[in-house]
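Both complexes below contain chain A, partnered by chain B and then by chain C.
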Partner chain A sequence: MARPASPATGPHRSDKRAELLLGALASVVLVLIAGMVVFVLAKAWPSFSHNGLAWFGSGGNVDTQLIDIFNSPANPDKYEYTFHAWPLLYATALVTLGAVIVGLTFALFAAIFIVEFAPNRLRAVLEPVVRLLAAVPSVIYGLIGILVLVPFVGNHLISQGRKESVAYVVQLSGNSLAVAVVILTVMITPIMIALIVDALRTVPRSWTEGAHALGANRWRVVWTIAVRAARPAIVGACVLATARALGEAIMLSMVSGSVGFAPNPLDGLTFFVEPVRPLAATIVDNAEGLSVKPLGQTLYAFAAVLLISSLFLSLGAWLVRQPMKRYGVRP
Partner chain B sequence: MEAATARVPAARPLESGWRRSDRLFVGLCWATGILLCLIAGSLVLYMLFRGLQYVSVDLLTTHPVSDLDQSKTGGFLDPLIGTVILAVMGTLIALPLGVGAAVWLTEYGRPAWLARSVESGIEMVAGTPSIVLAIFGLLLFSQQFLSFLSFTASGNAVFGRSFFAAGAMMSLIALPLIFGATRAALQAIPSHVREASYALGKTKAATIRRVLLPMSREGMATGTALGMGRIAGDTAIVVILLGATLRLQGVGDEPVLSTLRGTGSTLTSYVYNNSPAGEGNAPDKAYAAAFVLLMVVIALNFGIDLFTSRRARRA
Partner chain C sequence: MKSRLPLALAVMALAVAVPASTAAAKTTISMSGSTSVAPLAAKLAKGYLKAHPRSVSFRLAQGGSDVGVADVAAGRVSIGNSSRDPKGSDPGGLVWSRIARDAICIATNANNPVSGLTQAQVQAIFSGQVRNWNQVPGAGVSGPIDVVVRTAASGTQDAFQKIFMGSSKVSSSAAQKASNGLVAQSIRSDPNAVGYVSLAFTKGLNDARYKGVACNLRNAKSGQYEGVRNFWMVTRGRPAGASLKFIRWIQRSRAARRITATGWVPLH
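Presenting the complex of A and B:
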């Protein structure tokens, strides 16, 4: 936007001071971020350096590895660090991708409905509904999940035979991948809907009117013109939702089962009711062990992985928004 | 206009071009819209049902007690106070930072590279998971030079968990919201307003203070309310940085400072601890606290609407 020129008298001394003060306030944020990245990476380093690339690989049972690290001897030279995070990373990816893919489909249809097809009265209800769903604290979603959905899945949807079929590897209690994905979808979809609605509304009227004039029906116009023009914003919405899903800790630690188990897609339907243990939830589960030095360092390594991935996501969102600026469509 | 509609035989020919797949997709749109309403409706009604079942005035005014029997665990006065303290503290820290950054970015914004990095920096803060903020805060406030903000154990180890620590990290959650709302409000002020102020001989600093900030007050208020709502709803920072002790436990003797330096809990951590995932396992209390929390969050998110729309109507 065009910035009006300074007063004709030239910059005043109080102006200079105000600029410096406000600039300093703004830069505090940058210092904080830099500090955060450096602090967390430095604290996490021992866990990475002891395991090398094997940190990201699989091997052994994650839960027992965490317990061993927690119980490692007091002598700093004999700290236990062996850790293979694959089941946790895999669980994080499964839960996040599942929720984002399901959520995107829903969000796309819901946003199109709000912008194009909803009758005015329903639209007036839907917009606060989206805001409400986005505002509900994660712990409330978690509470409903653990007290309502998990027992329902555990008692009614998993048959006794299915429980026995995998009893020698893992217990199926209802704390499961499916419940985690469903609740996470409900949590992140409203964010996507809000962003996609905003983008669809900024699509120039002349474009859609032109398509109407060519004889396309309302659905074709929305789908081929509006949604296509809003594609960068849709990707941006996905990125934000992914960041939110990656970092969700409390709700997932309540409903995901907290068992370091890597669900196997070859198990068929059982796959969906197997428990998982995402990274962020593991940090919360082990919050009391943060003061035990080696376990603390391992947990900071999780945080470092989350931090780096969310930094890359922000970068991705920024890259995605560049082409949008060229067409003058603001997010 | 009327002539045009008369010549084109209504919208009929367009409607006739609906393929079966088009109809299916429009049907899906309706289905998702209605599903959304159903989910929100059942969520609110279920919480309302549980809330009315378990909430009582006693719960709101008695201190929590640790007990295995659910009926003897008292109320959640302390968590309620904790939520209020954290929300106020978080926004008090975030407000000057967010407003300052927004004003600097829209009114000065030089050098350009710094402006761009501040902008993306705040975006990064918004994208950082709160659990990462929480354990970063623990690391920061366990440093010796910040020991005056929390409890120091006998071995000279700094505990790093206090209202100060949690409030400071909570402010980072509210910051992007306050920044975004203030910036949008500032950008909406037309530039002739600024020019009129300069024409009267006001300096830029005076213009900001006397003209621009008062005009963007509503945006700031919206951002602050949203930020408070987000703070009230965050759990990870409380669980890790506030110690999540059942009652407010002060450190030291000064009346207010001791509480702020001490540990406590909020409604969110109370819900978490009383759910089957936590130690308390008192689902009735968890439902009651969750209901109160939901009401607080809804009030913060929608209350500001009433306020601004009433002012708009009066103006």
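Presenting the complex of A and C:
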């Protein structure tokens, strides 16, 4: 400290200070994440320990179970915890996978078009619009869904006969798997397009030029060289999109059905218009009851499942990417 | 780098601690809770500020009756708004002050002008015994009935169960919405829907008479309409200071009574 300030120590000291500050910020993030995982798991534990593996199974009606949990007696020894989350887990998987698969198909071809085939003028409009779309808040999509799409599907696409055929099992009002997947796809596709565009741009020019020189046509070059090289980034885009889809709550709570129902693929076309309610949407719908301890713990159990699945998602993506990295580029 | 980690953590702790210590100085009455009470609470707060300019400031959040009760029990707000009555599993030490009463209307789509329902009919429809509008006399549509209810934690749901349903249970295939507004929107967009909302949310819907009495303010005030529940402001311990003055003003002053009477049933 007593050292006289010299031109050599000045910048050095401020470097150290910056390092300290950035280190502190980085540790805030780490501590927050670790703290969050521990907190959520601790809160969720009673719900898991009471049900064991049956928590993930099916049985009974989830909504009735949630109501029973909500109406638990005041005595902590008599709290109701019985819960079988299968319809919600199944709904989460259906909606997320549906949206990511449809979205990836769209995003891949849209990105290829933007990077390789679009005329300059069109590209100059398309790219900013895509990036803008990626930033639209989900509640806006939810509003469009609830004011336009849900009534349209309910009143024009589902026939009276179809509604009556399942009236004793489930209500078909337009809040449905199909609407949820469509809107979720619209929400996540722009992010995927943006990421895949960035990745395709980083493919070294010499690789594609080499392929052109060997006589391959434009499409073949894109498909066999650029897309292949961009695979790690495409996986990364899918992971980000899946994470957003998994966590999407408000929009899905608005459009997807408000009832814990497991759509049956054997119902044919009706399957697509049956209501679903994914985990995150269930948390939003029941957040009112957080003050009732056992219900709060059950909701935290949903949160724990979502948290752990996104951790596994990142891990899975890392594993998948390893063999692709050899000839891959990373933006 | 390793040796510097504790220091880094200390800097971080400081960064977190500083914003927390800059708390407000002016008296603020913060409220959270029921979506049914919120419109009334907002009007009352505005009226109170007119009567006592610059005495306090208000902060109003929603979330549902149970959120209000939990928030006030934890000391996060000064007043929790609740549209359900106290129940056994509520945290101890809360004082419930009744501020008004409110009517719950059975509503259908405007294209389905069901004129009236008896209690037995309401129970049959909402419990899923009757599932087709053909079986409901006076219905303007045919086809399956789409029942729209509130989630379990809602004060409106609690009151509906107690007042209209008695011991019969709401069908498990009913769509459960998280707020009055979402229920109203579902009914507005689906001709086959039926649901229940607070009187303040019935615009654009058809309110069915219940037991032959129309769901409107006059019948609720006169006591003829039976589907009426209480609105509460909940405090931790007896209300004190600014909250006490505000709640007293709501319960006793004429101005507050006039405000309440525009859409709800005043106490006196």
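Simple rule for what comes next: the second predicted complex is superposed on the first by the 296 of 331 C-alpha atoms of A that agree within 3 Å, B and C clash if a C-alpha of one lies under 4 Å from a C-alpha of the other, contacts with A are read in each partner's own complex, and residues count from 1 in each chain.
The rule we apply is simple: a contact is a pair of C-beta atoms (placed from the backbone, for glycine too) under 8 Å apart; a residue touches a chain by one contact, two chains touch by 3 or more.
Note that the structure is a prediction, hence the values are computed from the model and not measured.
In the three-chain model built by superposing on chain A, chain B clashes with chain C. With both structures placed on the common chain, the touch criterion links A:E164 to chain C but leaves chain B unconnected. By the document's definition of touching, neither partner reaches A:L94: not chain B, not chain C. Within the superposed three-chain model, A:P73 lies in touch with chain C and out of touch with chain B [touch as defined at top]. Using the contact criterion defined above for the overlaid structures, shared-chain residue A:S310 touches chain B, although it does not reach chain C. Using the contact criterion defined above for the overlaid structures, shared-chain residue A:I234 touches neither chain B nor chain C, since it reaches no partner.
In the superposition on chain A, contact of A:F117 is made with chain B only, not with chain C. Once the two complexes are laid over each other on the shared chain, residue contacts for A:L149 go to neither chain B nor chain C. In the superposition on chain A, contact of A:V28 is made with both chain B and chain C. In the overlay built on the shared chain, the residue A:S253 is in contact with chain B and with chain C. Partner contacting the larger number of chain A residues, of chain B and chain C: B.
Superposing the two complexes on chain A places one of the chain C stretches 5-13, 23-31, 95-103 or 131-139 into chain B: stretch 23-31.
When both complexes are aligned on chain A by C-alpha atoms, chain A residues 19, 21, 23, 25, 27-28, 146-147, 253-254, 284, 287, 290 touch chain B in the first and chain C in the second.
The residues of chain A lying in touch with chain C in their complex are 19-21, 23-25, 27-28, 31, 61, 63-64, 66-67, 70-74, 146-147, 150-151, 154-155, 160, 163-164, 167-175, 253-254, 257-259, 261, 275, 284-292, 295.
Interface residues of chain B facing chain A in the complex, by the touch rule stated above, are 13-15, 17-18, 22-23, 25-26, 28-33, 35-37, 39-40, 43-44, 46-47, 96-97, 100-101, 103-110, 114, 117-118, 120-125, 127-133, 135-136, 138-140, 172, 175, 187, 191, 194-195, 198, 201-206, 208, 229, 232-236, 239-240, 268, 271-272, 275-277, 283, 286-287, 290, 293-294, 297-298, 301-302. Those residues of chain A that touch chain B in the shared complex are 1-4, 6-9, 11-12, 14-15, 17-19, 21-23, 25-30, 32-33, 35-36, 39-40, 43, 106, 109-110, 112-114, 116-118, 122, 125-126, 128-133, 135-140, 142-144, 146-148, 186, 193, 212, 215-220, 223, 240, 243, 246-250, 253-254, 280, 283-284, 287, 290, 299-300, 303, 306-307, 310-311, 313-314, 317-318. Within the complex formed with chain A, the chain C residues making contact are 1, 4-5, 7-9, 11-12, 15-16, 63-67, 69-70, 73, 88-89, 91, 131-132, 142-144, 146-147, 151-154, 172-178, 182, 185-186, 189-193.
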